[in-house]
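First chain written, first letter: the chains are A, B, C and D, and each begins at residue 1.
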Amino acid sequence: MIDVLYFAWVRERIGVPREQVETQARTVAELVEELKGREARYAAAFADVSALRAAVDQDLVDDFSASIEGAREVAFFPPMTGG
Amino acid sequence: MIDVLYFAWVRERIGVPREQVETQARTVAELVEELKGREARYAAAFADVSALRAAVDQDLVDDFSASIEGAREVAFFPPMTGG
Amino acid sequence: MSAGRVIVQEAPFEPADVLRDFARGRGDVGAVVSFTGLVRDADAGPLVTMQIEHYPGMTERAIGRMVETAIRRWSLADCLVIHRHGEMRKGEVIMMVATAARHRADAFAAAEFLMDYLKSRAPFWKKELTEDGAEWVAAKEADEEALRRW
Amino acid sequence: MSAGRVIVQEAPFEPADVLRDFARGRGDVGAVVSFTGLVRDADAGPLVTMQIEHYPGMTERAIGRMVETAIRRWSLADCLVIHRHGEMRKGEVIMMVATAARHRADAFAAAEFLMDYLKSRAPFWKKELTEDGAEWVAAKEADEEALRRW
């Protein structure tokens, strides 16, 4: 079980801010593929992964090939707009 | 008659902050030559003109060939250290 | 050198009060730079409110690392970041960065570095509400570009 | 765009109080940058006091022109320079620059431009008094160099 978090318009499209997911995925990309297969709202949220960023255990990953093995939480969100 | 002003260590070497000078000088450089001829303290203050800056009527001049004709005041000082 | 300070909060704050206490009473600080980010009208038109979402936990962690890097790289005497989340109106303060160093070039560079990183690498997302509706602010290519200079 | 403000004074002032009122209550300002210059220990050792001499009249005129240039070049919404002269102790505020713009890059660039010009083109001369005696601060080649980027 892994906590999956969504922020900004990713959260709005998926409809929940976080959920627990039972997964065999070993990378962020594999997790995305699993989620896309679930329901239309996931497919909509993950349609263009180039518009998305991810963090594994609160560390931003460089790309979606990053491992999630042993991770407690994975988060998906659009590019940040702080400051 | 022209007002000649001195600042920082130029003022300290010459011993006065300002004075009125009767001069025929047409440029800053000519004024410097006249002043150097007056007394040792002027010669000391103007010994190394590359260490000095000048302003004519409160405008910094690029070099000592600047005209002082019609000017009300000329100032001499070391490079500025504001901020 | 200092540990710096990172504050993430919903409540409004007054940058003037923060600046008053920042890096004072020290003999080694010649330069203090502050940056204040304010809610302004959207590029699309007059703003009603701005909402800022963030990722609790990751936010403090990500900013903390930026602050550590800045302190080390520019030998800062002190460094502070305060960033709000939640809802705010036009003219309200969103965030503030302050840096203190012996010389001005270090204080300026560190503040700009922090701003560039906060803009694109701290987990905040802005949503602008105008008369025409609500819109998530899009990240700008220029902001990504700005990171490359560091 | 604004006319900006230049203040040259002997009296101490509190940058926090200045920042509190600066460029507030406007819808077009997203970024405010402030720089505060403080008296710190001399490179030669612990400082007793610093004395700053200036050229009354030329000072206001020279800074006024720098401020006008900055406002025009970076489309500043507001701009302020306060610079003290006379005697001050370690830790006291010497001067302050504040800039306000729509975007952060303009506010930062304008503040750094003003600092670089104030350093080498505004008629101030600093004298440091340490235990070893009084010494006029020498202009640095690095400060002259800094002007070339503008």
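Here, contacts are C-beta pairs under 8 Å (C-beta built on N, C-alpha and C of every residue); 3 or more make two chains touch, one makes a residue touch a chain.
Bear in mind that the values here come from a model prediction, so they are computed numbers and not experimental data.
Trainee: Give the touching-connected groups of chains that are left after chain D is excluded, with no other chain moved.
Mentor: Leaving out chain D yields the groups A, C | B.
Trainee: Determine the centre-to-centre distance between chain A and chain D, using the mean Cα coordinates as centres, and give it in whole Å.
Mentor: The computed centroid separation for chain A versus chain D comes out at 48 Å.
Trainee: Using CA atom averages as chain centres, what separation in Å is found between chain A and chain B?
Mentor: That gives a centre separation of 71 Å.
Trainee: Take the average of all CA coordinates in chain B, do the same for chain D, and state the distance between these two points in whole angstrom.
Mentor: 26
Trainee: Residues of chain D that contact two or more other chains, please.
Mentor: 37, 104, 115, in rising order.
Trainee: Please set out, as single numbers or ranges, the residues of chain B touching at least two other chains.
Mentor: Each of 83 in chain B touches at least two other chains.
Trainee: If two chains touch, include that pair; go through all of them.
Mentor: All touching pairs, sorted by chain label, are A-C, B-D, C-D.
Trainee: Sort out for me which residues of chain B touch chain D in the complex.
Mentor: Touch residues, chain B against chain D: 5, 7-9, 11, 55, 58-60, 75, 77-83.
Trainee: Help me check something: in the complex, which residues belonging to chain C touch chain A?
Mentor: Touching chain A: residues 37, 52-55, 57-58, 61-62, 83, 94-95, 115, 118-127, 136-139, 144 of chain C.
Trainee: Quick one: which bits of chain D touch chain C in the complex? Just the residue numbers, please.
Mentor: Per the stated touch rule, the residues are 14-17, 19-20, 24-41, 46-47, 90-91, 102, 104-105, 107-108, 111-112, 115, 146.
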